[in-house]
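Structures follow.
Each of the next two complexes has chain A plus one other chain: chain B in the first, chain C in the second.
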Partner chain A sequence: MNQGVAITGMGIISAIGNDVASNYRSLLSGTTGVQRVSKIDTIHRDAIWVGEIEHSNAQLEAALKLPKDHNYTRTAMLGLWAAKEAVADAKITSDAMVRTGIISATTVGGMDMTERYFYEYLHSEACRKYIESHHAGDHSQKIATALGINHGLVTTISTACSSAANSVMLGARLIKTGRLDRVIVGGVDPLSKFTINGFNALMILSDAHNTPFDQHRKGLNLGEAAAYLVLESDTLVKQEAKKVYAYVSGYGNANDAFHQTASSDHGDGATLSMQKALEVAGLSPRDIHYINAHGTATRNNDLSEGRALIRVFGDAVPPFSSTKPFTGHTLAAAGGVEAVFSVLALQHNTIFPNLNFESPMEEFKLRPETQATERELTHVLSNSLGFGGNCSTVIYSKATPS
Partner chain B sequence: MSLKETSIPKFCYISNGKIWSNGAVWYADETVPFKQLMKGAYKQGDVNYPKFFKMDRLSKLAFMASEVISQEAPFHEETALVFANRASSLDSDRKHQHSIQHQEAYYPSPAVFVYTLPNICLGEISIRHQLFSENSFFIFDSFKAEAVQPYCNHLIATKKAPAVLCGWVDFDSETEYEAFLYLITNNTISAQAIQQLYKKHHDST
Partner chain C sequence: MKKVYIQSTGCISAQQSWGEEAFLTNPLFYETNVLPVVAPDYKQYISAAAARRMAKAIKMGVTASHFAMKEAGVENVDAIITGTGLGLVRDSEKFVSAIIENGEQYLTPTAFIQSTHNTVAGQIALGIDCKGYNLTYVHDSNSFESALLDSIMQLQTGELSSLLVGGVDELWDHTVAIHQLIGHLKEGDLHTQQLRQSKTSGTVFAEGAGFFVLESEKKATSYAEIVDVELYGHLSPEEVNVAAKAFLKKQGIAPHEVDVLLLGTNGDIDYDGYYHQLCEGDFAETSQAYYKHLSGEFHTATAFGTWVAAHTIKSQILPEVLRCNDTVPSQINTVLLYDQYRGENHSFILFRKC
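Up next is the complex of A and B:
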């Protein structure tokens, strides 16, 4: 019982790269992946900017060697792509005795195909195979099957933008309490008209590149991504002499009982989730050396999150940045993407820049880091704050806390 | 008090135009549509929460049942919510579906869409009572107290929650809706006793 939770593998595909190494290079060089949308036929094409993954569905199908009659959605393909990298990275040799699970997060599920074929379903047989891949759990099952996870826990989390952080949290708890020896955790969301139009209706899409924590921020850019971590128990790490990248040392989830979609202006939920995570990790606020903020660049999020940071850290808010200007807001995948970035920050003792920041907000004096900076980092805190006030915080640490 | 008395939780049952509180009829109007029933109950309970009128029918049902209980036993901010139903959010799903069914008449409404998840009613109750607590919504074929009782007992035994508002809120249609919510404050209540309580009301309406 009470196992440490080691991270032994990572995989990612996002607008700034198709693997961990290329994502890291883009973060260091300050290269954004946000651009005009090219793969979705939308009337908002010239009004919005998105973080789009380079590969088309046809390229993904070929690279993943999917059979001709498959019913993979873009969600499942991106998810499998990143999960495969994570598993290869962790050098997992198949062993039936190791209790392995997968917890994947998504908000759109198979909506990318449903929105394409919705009106055709009624009169065309050929596209109906995608009805079965519409539900959120389909991609998790497909990844599990493709990776040979046939007996362990396979589950899906959908809690808006905190989804992947919650899958890290659930996975960590299952390892910690000895229910699993190994678990692949993370999330995936492709771009879709569903999210573009939905966020457009909420009037929170920026017509420019997103500028987190800036007084003149105009909203978010959507992005697509998949990102996974392999979590393993101390015992397994010892048995297999595994290389450990970092540990999941703390986590917290809270709701802020404020509104169906908005976060409380005072950051009640984010304050609670950060405090809970610090408590689980047995750390005090001053132990945190870098915060990968949720920082979506909407008026509501950055105000709410900024106030929460001040409530938790007082006048000693650690260096922080939002990496959304690189990737766009990848919704359910964000907590996975930023988990990978947080581990990269620890591995390379580097804080990644908050691109596009110019003027501090009038409500407080917080200034995010705007340059890639080398600094000794021991504990990194990552926030993922979801619509409806579902707020999650995960703390990543170099060593397992004693 | 005998053990029997202490082991029956506060509860509310709603079905077929009747609202029961702890076994007694609290409000009834079997002649009006659901919307009017809820409006009447709102007045009866002197609720004073205008957001109620923006809610979908599932949320109104869940909200009103929780309101009846909270008037007798106000909720602590860590009171957990563990609900279940059969029809998920189908009532709002259908409404949304109609608004997008025809390409030439495509008018989805965010005010409807936001209710196309069953657990939104948990959010409505949390916002109303400022609950910062654990909540879960399950989909089952029918109400089974034993399915959630171990979970509720665990929340109380581990002091994660001082109380759990638990039960069934199902809205399928104007004529098929049912709520049975009960407030668990200790872990001595048996699932069988709760199931019997439910059955008694379910069978008599």
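Up next is the complex of A and C:
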């Protein structure tokens, strides 16, 4: 009972790189991955900016050596790509005695194929193999099978833009309560016409590069990504003499209970989730050295989250930044992407910049970090907030909390 | 470690599973391969204006949660944890077809907003102003079980003391049509009483919502204790008995001590073999029962199975309509529920009289 939760492996694919090392290089050099749409056939291609992953489906298929008749959606391919890196990074040896699970997260599931073949399914047999790939859990099962861990716990979470943070939270609980020894946690969302048009209809897509926490912010840029962490129990770490990148020390989940898609102006949900995470970690607000904010650059999110930061940290809000200008908003994957970034921040004692920021918001004086800055970091807090009022916070720490 | 008690149930299904009628006294049968639900008058629980825009899953979920909270006599809970296999399929289908038909133009966001899987949990939270823990699991036929696992962990450790857990799934035309094309539905109509003996591929589809208030304090009115749940992504038929025994062993129970084996048998000849493994294996002498001829199959049908288990234990009656063998239990202290769908996502849930 009450095991520490160690992070022993990481994997990521995003608009700023196909692995952890290249993501880190982009973060340090301030290189954004947000560009015009190049792969999806959408009429909005000249109006919006997106964080697209370099690889096409054909390239992913070849790299993952999928059989010709496979029914992997882009969701499953991106997920497997990143999960494979995480598992290799953690140098996992397959051992039936180690109780291993996988928890993934997604909002669109297999929507990329559903929207392509929606009507074609009815009259063409060739595409019907994708019908079974539509549901959100399909990619998790495929990853589990490909990694040979499908006999254990396999599940999937969908809480809109906070999804992957909740995967980390559930994974941490499963290890703390001794139900699992090891668990792969994270999330994935590919770009799809479904989300592009959904956010466009909500009128929260920016026609320029996104500018979190800026007075003149115009909305978000969508991105696609997959990111996973390998979490292991103290006992397993000791037994296998594992290197540990960081620990999951705290987590909190709350609901804003304000509106289906909008966050409350006062940020009740985010305030509660940050307070709970601090409580679980046994930390006080001043122990947090860097915050990787949700910061989507919508008018609503940044105001709500900013107010919540002030409610929790008072006039001593720690250095913070949103990394959405690098990757775009990767929806369900965001909490996984930013978990990897938070751990990289701890490993390298570096705060990553909030690109594109110019003028503080009129409602408060918060100024995000705009340069990559070296600083001794011990505890990093990561926020993920979403539709449905879902708010989650995870705290990553260098050492296991006492 | 604290225990977990089912304090109340709220269930909307193809049966009269809400209201005053006693547990399955008048079971309903259908001659179709897509079962309807016995719907309450949603207007009594949701404002007419809101209900007009709401998908069936939201209406069923919000109302079933209302039934559960009312029966438990609670106004609020610490957490809302839901499972849904396919989520809000009506709104997803509506939005996809609008994108295709209108060439990505003139779209309104309503269907998109309501299409997200966490809409039901979000709407319940909004309705009762619950700012607590809120989660939605979307893992095929283990969606409800995942929600249950999360609930059990947090009640056992004392992180939460009272919560609402539920499963909900809805059907819509396109989903039914495409699953018919790939043989997941039975060809043509079937009398649901013959489901288990049908000897054909596919099953009958349905929809529904099952919600429960779970608490760590036992009350005189508690239905049953949920001892534990275990999920497996994949098992081969040969591994099912081993997995069942290992699950029971963790609770210090041997197979012969299980009073009722409750099965997710859905009449699909290609996959019911998993259930036969248990029926002909370690549980051959145990009283065996099933429920999908009453609920139909959907990703969160185990929420209906949980409703069956809770009522069976509380009433100490295993209705004739559920039984698959002649062994009548002399007492109903423990119920083991086993489910899988198309050979994947296996789950065991153990219930005990409290």
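Definition applied: the second predicted complex is superposed on the first by the 402 of 402 C-alpha atoms of A that agree within 3 Å, B and C clash if a C-alpha of one lies under 4 Å from a C-alpha of the other, contacts with A are read in each partner's own complex, and residues count from 1 in each chain.
The working rule: contacts are C-beta pairs under 8 Å (C-beta built on N, C-alpha and C of every residue); 3 or more make two chains touch, one makes a residue touch a chain.
The structure displayed is predicted, hence computed values, not measured ones.
Novice: Once the two structures are overlaid on chain A, check if chain B and chain C clash or fit side by side.
Specialist: Aligned on chain A, chain C clashes with chain B.
Novice: As a test of reading the superposition: which chain, chain B or chain C, is in touch with more residues of chain A?
Specialist: Per-residue touch count on chain A favours C.
Novice: In the superposed arrangement, does A:G388 touch chain B (first), chain C (second), both or neither?
Specialist: It touches chain B and chain C both.
Novice: With the two structures laid over each other on chain A, which partner does A:H151 touch: chain B (first), chain C (second), both, or neither?
Specialist: Touch partner of A:H151: chain C, not chain B.
Novice: After lining up the shared chain so the two structures overlap, which partner does A:T261 touch, if you call chain B first and chain C second: first, second, both or neither?
Specialist: So A:T261 meets both chain B and chain C here.
Novice: Per the contact definition in the header, classify A:H135: touching chain B only (first), chain C only (second), both, or neither.
Specialist: second
Novice: Check each of 181-189, 253-261 or 307-315 in chain C against chain B and return the one that clashes.
Specialist: That would be 307-315, the only stretch with clashing C-alpha atoms.
Novice: Just which bits of chain A does chain B share with chain C as contact spots?
Specialist: 118-119, 198, 201-202, 254-261, 268-269, 272, 388
Novice: With touch defined as at the start, can you tell me which chain B residues reach chain A in the complex?
Specialist: Within the complex, chain B touches chain A at residues 100, 103, 110, 113-114, 120, 123-124, 126-127, 129-132, 135.
Novice: Using the touch definition from the top, list the residues of chain A that touch chain C in their complex.
Specialist: 42-44, 102, 106-107, 109, 111, 114-115, 118-119, 121-122, 128, 131-132, 134-138, 140-141, 144-145, 149-160, 166, 170, 173-174, 177, 179, 193-194, 197-198, 200-202, 253-261, 268-269, 272, 386-390
Novice: Which of the residues in chain C end up touching chain A in this complex?
Specialist: 80, 85-87, 92, 95-97, 99-100, 103-105, 107-109, 112-119, 121-123, 125-126, 129-140, 142-143, 146, 149-150, 153-154, 156-157, 174, 177-179, 181-182, 231-235, 239, 299, 344-345
Novice: Could you list, by residue number, the parts of chain A that touch chain B in their complex?
Specialist: It is residues 118-119, 198, 201-202, 254-261, 268-269, 272, 388 of chain A that touch chain B.
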